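There are two complexes below, and they share subunit A, which is joined by subunit B in the first and by subunit C in the second.
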Partner chain A sequence: MAHFDKAMPFSNKWMDQRLAVNTLQKVMSTEYWIPKNINFLWAMGMILAATFGILVISGIFLLMYYVPDAGNAAAFDSVNYTIMSEVGYGWFWRHIHGVGASLVFLIIYIHMFTGIYYGSYKRGRELIWLSGMGLFIVFSAEAFSGYMLPWGQMSYWAGMVITNLFAGATPDVLGGALNFPHFVEWLRGDYVPGQAFLGRFFMLHVLLMPLVIMGLIVLHFGTLRIPHVNNQDGEEVDFEESAALWKAGRKKEAKVIPFKPVFLSKDVFVMGVYFILFFYLVFYHFEFAMDPVNFDPADPLKTPTHIYPEWYFLWSYEILRPFSKNVGLIWFAFAQGILMTLPFLDRSSNVAPANRRGLFGIWFWALLIDMITLTIMGKLPPTDPTFSMIGYIAAVTFIGLWVVLPFITMMEKPVGGKK
Partner chain B sequence: MSDRRQFITGLGLAGFTGLGALGVLYGAKRSWDMLPSVKAGGFTTIDIGQAQENVLNTEMWRGKPVFVLKRPKSEKANDRDIVVDGQRYMIVVGLCTHLGCIPAYYPGEVKFKCACHGGEFDSAGEVLKSPPPSPLLIPPFKIDGTKLVLGEEGPEYKKLKSAGLIG
Partner chain C sequence: MKELKILAVVVFFTLVTYWGVEPYAHHAMHKKVDAQGNEIVVESHDFAYADLKEVKAKGDIEAGKAMISACTGCHSIASQKMPAPMDASASAGAYGVNPPDLSNAGAVFDEKFLVNFIMNPTHASKVEHKFKDGKVYPMPVVAPDEQTAANIVAYLKSIAPKELSSKEAYETACGRCHAMRYTKWTQIGFMPKTRPNIVTHQDVEKLKFEQKVAEYQGSLAKYMGKLPPDLSIMIRARSEHFMETFIEDPQSQLAGTAMPRVGVSKEGYEKVIAYLEESGDPSKPKREAVGPWVLGFFFIFTLLAYLWKQAHWRDLH
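Then we have the complex of A and B:
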């Protein structure tokens, strides 16, 4: 088709002929159907997209003054002196960036557990789950690389501990096949985290990882378009039939609403509530996202007395900690990967809220409580035997829960959900 | 296009693209290698003649702390001890072999404790408490009177290494 009717430049007709804007608008928003039967937890995706946008904008302003120089505490000073006390509103961007990085994980976890609870990862929605877990992993890498940049004590020692994970198991396991001693030095470009390390993590944080995140967000939205979002009862909605009812004006009978403007108005309301919390934290309680230990410049000759990651990594860190090095590494890798396999380990065909699925309901709450326990224990020092024991039990429970999942879901009876 | 022609064209295109990709991968790997200037800074000379018994000295080598401890007479001799000028020393990289935190020395208890994951070592660098999988690592050294060149493999180091005692 290369015939164009005469039209006013940039008018709707002119744009539609060249870019199919009307079709695009229909497919992406005005005829993208959302079930009516959902609650505020379905707004978390848009909240995440908005928070990511805010992180990008605040990051752009921080990037203009940040200096990725590991020598003479130059990177440290560019953050803690230049940005914090010289740049007008520099503190504002930094506190938005720090609070945003923390809250984005809170919302990611809520988003994930919503998906697990309502079974929104099966019957056509497997790719949504997989692309979402991909986003979780890349967001983790993004958060970790960003945490290196102020080059304080926690940055340095977190960098030391996490890169050492990549040295692999000790040589006595499998004849040394899992031992990569020189890989760590190659990864760092130095014997210890130094200039080369800071430079490459800076690049990852400000360019490569954000690009990957943007690509994955597009994929995540794409995987959602055909199966549509799930609903509170796991009901299989006939979207075409319901959409026809809506378009015929029988809106009460239709089980769906269009994304724009109807669902979007609810999204915007939930976002409004969320941003009240967000900016309350930015202005009055930013310190929860700023570890005091990281206000000392990096010192290779002094480990802080107690090293712990940010709260959102604590549960997997606690799975690493109570075991000997090799065993700990194996379970740590297990914890990182196992959530990915959820759509395939859940052998039941039921798509329904966890509390209607018998044993799976217990499994869901056990997983949630176990991960909260791991998070709390991960924050405590390793010296107390009682807490170490609780952490150990919680770590073993985590592994056990995933082992039993296929069996309890295999035995699950079909749930007669609302039709 | 005939099947044969399509196959040959495809093979040629894939072959050249593959070769190019391999070249780029190699270049990318090399650009992440340690810089020559970083490698060249890997030698440090320390003098341990003035060390006092059961007092921990920390030196810096390749950006890592190196522990020098003149072992107390009360402690049992260990095959890992480095004998300099008739005295027994523990000379190790001061990073826990678990994940690389610096263990702190408690002279009263004559042991090292790591605050990160709770590992413990004795005054010869041997593991007392897990998770560390192996003793503290002995760095390459060359003895020269009461001086030690860290980063260079002297005969004493090679002997320890062939006996499998360095870490």
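Then we have the complex of A and C:
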């Protein structure tokens, strides 16, 4: 049994004996070592955590007044009338929630491409990548389920289109063996998106998905601990040696800094810049995050002229769209899963910025430009032959890039960790 | 500095993506083309109604007043104590839609439009495609000559209030077809304040009113082909440009629509839009008031954070 000295209740000593707060403080912040050689892109993780926090808080306020009732535009009105007109500052929370949902994906993509560029997914960092991609998928489910809740035209029809994907391939593929009969109806709880559908997505959005996200965030932080954060040159840092230098006061020689306060001070500054952008959008430019079509209440008898997902789903949507149904479904599934396999498809042992890795550097910029092209084409009307051709080429390019990745990385010559 | 270069790259790709999925995509989606595939640009013409005949005749208020019984057979003029011959539901049953009260007509509608409308209603409101093959427009031509029409319009303008609220403009121009549930407006008026019976919890007065609304909507839907949409939050569902060009000439944006050109004047249009904003975007004044303070806070926050960061990072290298 542990030994407890007499101490003032809730004093540091008292707390430390019971909760090891001092050890905890050291492990989690003052002696959690981060490489010094980093730039502002290393703050994206904290920005994501902060944005998620903002989404949770604004979501709690919205949840107090939201009514998940698909009948008589009740859900629609609880969002657009009750929250926007009757609840004090309800509009403020809603705009924060809407803008936050869009920006969180912008930062996720920046965070992901940072990881790809600097090779932060290998040499012990595979689980960081995998748990991060897990978060990306769950955030996507969270965003999609949340998009259903205002029960506007785009909620309804996006729900219709996306659940239809689960109707599977056409029956001529393997004699329909891939298709479970009535699977879509089972998923929706009805023949069309209705009350059961809305209730289910409401539950997913406010309970199950946030719980999974929180669990995965803890895992994601945990996976960082042993391999440590990567740095701008992919240099292998001896963290123990450097930490000893730091503790001895030789700050200039040490290659590391403690999370708190040194790394944190930079994080908070970057966060400040980000919040200026965030609240500028909340007050003056929120329309981009709230599609006008969704301000028409759900109407099963009136299909909108254009149905498109939010911008962060467009690249994978565009991989589905240019092909025939069965082929499109296969490539769509491919696009959803392939990023997960990056640590294993990259056969090179180099951990270095992409620009120093020869062909991989070209691959990186090609992937970025290709995904942006897919994103833009994903929203343009497919009836335009030029757009659909560009979209088709970009989709094939995306697939091709992943096919060639193992080969170009196998041929890659080793580069030094440092310039 | 290296970090600024990295930031420039991030900002560049972000802006390209934004441009593609927002302004460019919306332009491409709402592009209107003619049969040859050429783009049609729908522009607002400041509610000038240039296609209608120029009015030369000068209206005589007294002559118009003498003529007004030709109108009040169907229309009420509440401000002049002239009641409607039938209630709204019965009128809609007879005509398809309740003929508007004319008290504010002179203040909401364009003068030139009104004269042309009285002379040839289906032409002025661009609904000739609906009233053919024996279908008759409910409003007869009572004044086929320009002088008589101008006299009536002169009278309507003389009785119109100098200052019109946005609510009154909406009621006169839009309200007989479009409900607005966020302001409790129905096509036959505002929902009356009623109370449920304390014992039975039933609100008989409310149910009676709702029945009247339902009957009215039945006639209206039959007349228009569908029930015109509720406009509570339309201001956020359509762009400013769409609203302006659509209200000025519904056919320009939605060829074949049953919605008539109602002929609001520029001021009338602005009043109507103000009312749509009151209903659909009531937080606008508050947003504009609070925004600078929040941004100011984060500017100071960022400045202090920068100083804190400098204090720690100054002697690292």
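The working rule: the second predicted complex is superposed on the first by the 416 of 419 C-alpha atoms of A that agree within 3 Å, B and C clash if a C-alpha of one lies under 4 Å from a C-alpha of the other, contacts with A are read in each partner's own complex, and residues count from 1 in each chain.
Everything below uses one rule, namely that a contact is a pair of C-beta atoms (placed from the backbone, for glycine too) under 8 Å apart; a residue touches a chain by one contact, two chains touch by 3 or more.
Please read all numbers here as calculations on a predicted model, not as lab measurements.
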**Request:** Tell me which partner A:81 touches in the superposition: subunit B (first), subunit C (second), both or neither.
**Result:** second
**Request:** Could you let me know whether more residues of subunit A are touched by subunit B or by subunit C?
**Result:** C
**Prompt:** Of the two partner chains, subunit B (first) and subunit C (second), which one does A:181 touch, if any: first, second, both, or neither?
**Reply:** neither
**Prompt:** First (subunit B), second (subunit C), both or neither: which does A:305 touch?
**Reply:** both
**Request:** Would you check which partner chain A:222 touches, where first means subunit B only, second means subunit C only, and both and neither mean what they say?
**Result:** neither
**Asked** A:321 contacts which: subunit B (first), subunit C (second), both, neither?
**Response** first
**Asked** Between subunit B (first) and subunit C (second), which, if any, makes contact with A:265: first, second, both or neither?
**Response** second
**Message:** Looking at A:251 after the superposition, I want to know if it touches subunit B, subunit C, both of them or none. Which is it: first, second, both, neither?
**Reply:** second
**Asked** Touching A:124, do we find subunit B (first), subunit C (second), both, or neither?
**Response** neither
**Message:** Contacts for A:39 in the overlay, against subunit B (first) and subunit C (second): which applies, first, second, both or neither?
**Reply:** second
**Asked** Do any residues of subunit A touch both subunit B and subunit C, and if so, which are they?
**Response** 305-306, 381
**Contact footprint of subunit A on subunit C as seen in their complex** = 2-3, 6-7, 10, 13-14, 16-18, 20-22, 24-25, 28-29, 181-182, 229, 232-234, 236-239, 280, 282-283, 286-288, 290-291, 294-295, 298-299, 301-303, 305-306, 308-309, 311-313, 315-317
**Complete:** Per the touch rule above, subunit A residues touching subunit C in the complex are 36, 39-41, 77, 80-81, 84-85, 91-92, 106, 110, 251-252, 257, 261-262, 265-266, 268-269, 271-273, 275-276, 279-280, 282-284, 288, 290, 292-293, 295-296, 305-306, 308, 311, 314, 368, 372, 375-376, 379-381, 384, 387
**Fill in**
subunit A partner, complex, touching residues on subunit B are 32-35, 38, 42, 58, 60, 62-65, 95, 97-102, 104, 115-118, 130-134
**Item:** Complex contact set, residues of subunit A against subunit B
**Value:** 157, 160-161, 164-165, 170, 185-187, 189-192, 194, 196, 200, 300-307, 321, 323-326, 328, 381-383, 388
